[in-house]
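Take a look at this one; I'll ask things after.
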């Protein structure tokens, strides 16, 4: 997204609802508490339900641009004849996602890279173009496992966002990062006041102190890739993966993970009708790389843990000069058995 | 019953799709007898003949609902009459469990039924189907487990 | 529509030839594009073939770039899609998208002797290179082809290979003794060692089962071939073919984009996860 | 009180003498309060072994994984593997033995009684502590846990922060054990078993459906629930394989004819099918370790679902999974007196 | 998957065509994937219909066919034969879609019936397209038979088999064949002498070249399957060479130990070396190891000393004999319900309370009293004898729930015999009701009531007790409603029949089922009453249910004829539609092994995976539904096929 001149405004907390009210051209989403005690993005029905200062959502906002299931196209084929293929590019209603944490928006930046390099991905791009991400700067780490600072981010990073909101007693400081963010701001009209110098100073201070909040450290990020390469054959991979149950939590819910599977879902066998569908997949599942012959280049849990960590901290870095991890800590907090990417990097990714 | 308020479901033109799994030796033979006796019953239940009710995998039931069946019927030999000695006893236990589970997740009770029909019970077979179709008709189309396709 | 990389073009099966019978049967398909808007490809590239309702499979394009009008694929029956492909008849329509992957640097090899070493269905990916070399006679040095299978029934392109004997050295082999077999008996790597092609001004191109490739490379190196004069292709599981689904990722490479063709020198740099 | 030092000493002795090839137990995790399952292979490594209310995971799973790994590495070390087992873990091992997954002599069970308590439920604990983070939790004699937060150590009644399954546990002392630590307390105050299930059963069917439909809608199909389940040790799951079972002589047709009972799309219908098949497959095998429910990242109440048929097993068929390694399994047996009246 | 399916839709004259639009079915089925030929015809089963089908298969190179017609029970065989003979295609590539009995005949509305016929046919197409070609499994058979139990049932079966030219091994656990029948005096309803009719048969057994008799022997282990069983038999040592024994009784005379004689139900003594009775077969003395003073080392040795024939050999040892047979007949007979269970009737307490068999011995000329009915206690002639029927039978609360079937008859016989022996005595019979179904049976009972003036009292006896040295039988006469007390000199109980002691073990060894009462279970109560659930094992006599001699003999001959039928060919043909394990998916959990009704599965191989015995498997699919991982499937009705059929039925 094109960067625009910094535009900084103030919004009374109480006016958030009013601003949202003016955005009826867009569908609004924000973190909300589901019945089962899980925070997730949900459509805003009542602005009062919106709670921006809560723990981060379980599902990252990548859902909005890379949903877990996407129909690529429909097919219909009478035996022996040419099939009719119907392209089903997404045409979503424009939407605004509130409450996006900086780590998650930085995840979007990584998704952008994947879905535009070499070949364009029209499904991703179609959704990306229609979705505005409004960030929420963290004042304290929302989880004990946050480590955004260690991976080149910060609790107030603007990467991948259109707007960044920072809470300052009773008010929000709202900064437009992109033009479409600015446009969204503009819709609020008079609800927004220009940020004063002192507001700006207060925000800077808030960002500063959030950044200073202790987090889990990865010491020498610049040397991680090299060290991982060195340690490719280490026995420690197997040892550290001992507890891993090979589920997909760490990867499904990672804001940067982008792997998927493509399958045909048949709704009628004669004539053959159905959809070609892509769904999230994960390198942690054994069949991910398994050939039909049964040969599997990454058969063990250890080799799959290595793939996850090395892909994030070595391969992606080698290609794009940034780790494919934004330090949200989800994979640590949600892993059922305590596999901890920070410890792994500490152990095998340090010179 | 919760369905009372939902009688609107009882659409006039609704013809339920029912899969009837019949064991080859008793119930399928029973249905043959119903045929030979020219008994009339609704055409909604499409029979699939399996070797024995004992070979009735729970997957078949669940899959039929997933594929859009409005009702599923399983029918086998009376206890003690199994052509394969005791296949139907295994079936009874398994089907019981499946039924309890379906009820628990909230599928309407009347959508899944098991019956014992012997080769001599043509009349019973026709009756079982007749009643089942009536009961399922009352419920309307099955939407809960059906895949959106 | 054309920019949607996931959407296949339609191809009609113009011809089917049974190459190898049995449990792991191989058939060769000539597929022509239905509406003429096909694509051009280079040696070593692949295409995703779709059987709608079953799925897609990545298959090497086995015809040479100079062959126009159809693309050739030799497909081994092994799973859902390939079995469905084997069930198709001439005239049936499949989806084709591509071309994907890098290519053999054929142009750089002008004037060199080319040693091809294939096993089983692994002859297919290198076949276009062989065809190209023979097509541009004079541009390349001596062409020799080593090819083997478990039995003589497992060898594909037999008639073509026989025809080729005037232009190239053909060394066939079968794994075990067999009535009427006059050529080499033993594994392909042993045949290579036995015939000992000279590494001078030569490029070796090999493709086949992983275990075969391993020993072929070992033997080639003993013969004096250097790492950057040995080429091979690797097969990793693929779904999208365009570097997004993450499946074929090995080290920093996505095989569907950065591969499948590798010099041994380059391949050694990747983690051994193929 | 459980004497952790004694467990350690026993584990160490086993490894020193070489009577076992490894000890599966717990160690501290860097990721949070809960322990991390670990496979100890050297006597020195046992220094890291811990035992306490944070040891929630069912280690029977790691026996299953160990078997897979040994197959992969073609290991021929025939010595048994030792495993630390709570009551529920031991029940799981019993089911695995019943299903001939390993030989009894291949496993050395280090039983640990839960005595009067059990393991912690971190969600309950978090609620109890309000905003504070617990960094450590330990038994505190009798029926309390000692919880350490930034503010120091406090003693909390275990009953308030214990996992629900522990509150209902009918076998807190491992029945299957080569050596057992802790005493078999019989006077535990129990919650009525199957309370939640029975409560749910009283609801209107339509409400029950809307409840479950919402759960199925939320499922990610990350399969953590299945991956963590020691009973889901199949080479390839019938529901949706994330692993294929292939042998060298598996034919192309066999591979091509894998039945797709459900699609990979995380839809309501497909997820419902997945969870129901799993519940059916667990009938008479689920030993209520509640791990599936714990690991679910979106808090789907899987224990509620899976104990529904456990209740049937127990109450209708008088079958108690994990109590007898020599009995036939629930669905591969029957009684003449099984319910019949539901059949028309 | 097959690619060239043919569909043949039958009109069945108007039977189908009246309600099903057969032309539409044929047309729409022609459009189904993989179907290349589809046709309707007025009578598929007629000669022209069959040749149309055969030609179509050949001309179109069809690789699978569906005939949409009547029930497969009628014409599956016809069309499979056409497929094979005319079409030169494997018969298992043909499936029937039943659109007559299950569709046309039970529905009236043509559009609806047609819809259903389409679904049924489509499902059959889906199924047949994944059918495999199968060939019946041929199993070479061993033309030998083992008969277990040498009562009248075993004897009859053995003789029938031997006379049909089959080799028979007759295994009897006692020292002689004959079973219980040889203990009877006369038999109802004709009162002919039991020994007189059985002895010749016993002799025939010993003379028949085709019969190998193994007495004092029991079956230990059985392996194999129909046509090819291997049976391990253990035979006790009898320490006497039957070839040499002259049956002179010299040895018994010198034997110092005396034990009760089982043959006479312990009413007489015998020695440690003995012959059960003069007509015993094999005709030889036997040394009863357990009664002998000692053989190792020899303690007394008197018998050997006196035996002039030198027949006694103390060095004999038990033998294990392995017999290979193609079929087994089990005829292990019955025992009487234990007297210890009937304390209320004084059984075991009072010497003069007898069971039926003991009474038979008292009446028998070869019996302990030489054919005089005398009280065991004082050898006096009893003047008042009470017979109690249903002693232990028909009493689900405390004893056996079932009716022992023959007691009514033999009690009438006993009462009659008693009256013949003691004409001035009085016989009383307590009964619940009289069951006398059988040729001449009712007349027999009537005769005993009328001619022999037996007093029949309807009611149960509550107690038998002693009072001043005499036995009092206390009961109710439910007809008069009065309590009755009878002073009896002798009480005879018609004890329930139960399976003989060894039956449970034999059933276990042979892996055949037993019913809830412990009798051997027949494969089907009506249609396969002489077959066990395991192919190749047959049942005869009282081991299967209480029965009298005629019924026993009937069943024995029936079993023999079943065996003869089975072994009449060199090869047995077994249906090939059996279970097959996908080794890749099997984890060896043994659930299928537990569930298979035929014991056809066992774990085998390095990783202990399921393996199906092709011959034992009946293809029921119980295993398929039990296996969690779909690792086992029945050929040609696999889960995949049912899955496809479900889809077809639902239009997916």
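When the chains are written out, they are named A, B, C, D and E in that same order, and each has its own residue count from 1.
Everything below uses one rule, namely that contacts are C-beta pairs under 8 Å (C-beta built on N, C-alpha and C of every residue); 3 or more make two chains touch, one makes a residue touch a chain.
Computed from a predicted model, the values in this text were never measured in an experiment.
Colleague: Steps needed, at minimum, to get from chain B to chain D via touching chains?
Modeller: 1
Colleague: Farthest from chain A by Cα centre, which chain is it? Let me know.
Modeller: Between chain A and every other chain, the largest centroid distance is to E.
Colleague: Farthest chain from chain B, going by the mean of C-alpha atoms per chain?
Modeller: For chain B, the chain whose C-alpha mean is farthest off is C.
Colleague: Measuring centre to centre with CA averages, how many angstrom lie between chain A and chain C?
Modeller: Roughly 39 Å, centre to centre.
Colleague: Which integer distance in Å separates the CA centroid of chain C from that of chain D?
Modeller: So the centroids are 48 Å from each other.
Colleague: Could you give the separation in Å between the centres of chain A and chain D, each centre being the mean of its C-alpha atoms?
Modeller: 31
Colleague: Please tell me the distance, in whole Å, between the geometric centres of chain B and chain E computed from their C-alpha atoms.
Modeller: From the centre of chain B to the centre of chain E is 36 Å.
Colleague: Mark out which residues of chain B touch at least two other chains, giving numbers and ranges.
Modeller: In chain B, the residues touching two or more other chains are 58-59, 63, 86, 90, 94, 149.
Colleague: What positions in chain C touch 2 or more of the other chains?
Modeller: Answer for chain C, listing residues that touch two or more other chains: 78-79, 82, 89.
Colleague: Would you pick out the residues of chain D that each touch at least 2 other chains?
Modeller: Touching at least two other chains: 238, 246-247, 250, 253, 255, 261, 263, 267, 331-333, 336.
Colleague: Applying the document's contact rule, which stretches of chain E touch chain B when the two form their complex?
Modeller: Touching chain B from chain E are residues 71-73, 98, 100-109, 112-113, 115-116, 119-120, 123, 513, 523-525, 533, 595, 597-598, 618-622, 624-626, 630, 634, 637, 639, 642-643, 645-647, 649-652.
Colleague: Quick one: in the complex, what on chain C touches chain A?
Modeller: Per the stated touch rule, the residues are 1, 3-8, 10, 34, 52-56, 78-79, 82, 89, 91-93, 95, 210, 235-237, 239-240, 242-247, 249-252, 257, 271, 273-274.
Colleague: Could you pull out which chain D residues touch chain A in their complex?
Modeller: My answer: residues 29-32, 34-39, 57, 61-62, 65, 69, 72, 123, 133, 214-215, 218, 220, 222-224, 227-228, 241-244, 246-248, 250, 255, 263-267, 291, 294-295, 297-301.
Colleague: Under the definition above, what is the set of chain B residues touching chain D in their complex?
Modeller: 1-3, 6, 58-59, 62-63, 66, 79, 86, 89-90, 92-109, 113-116, 128, 131, 144-148
Colleague: Going by the contact rule set out above, which residues of chain C touch chain D in the complex?
Modeller: For this pair, the touching residues of chain C are 23-25, 77-80, 82-84, 86.
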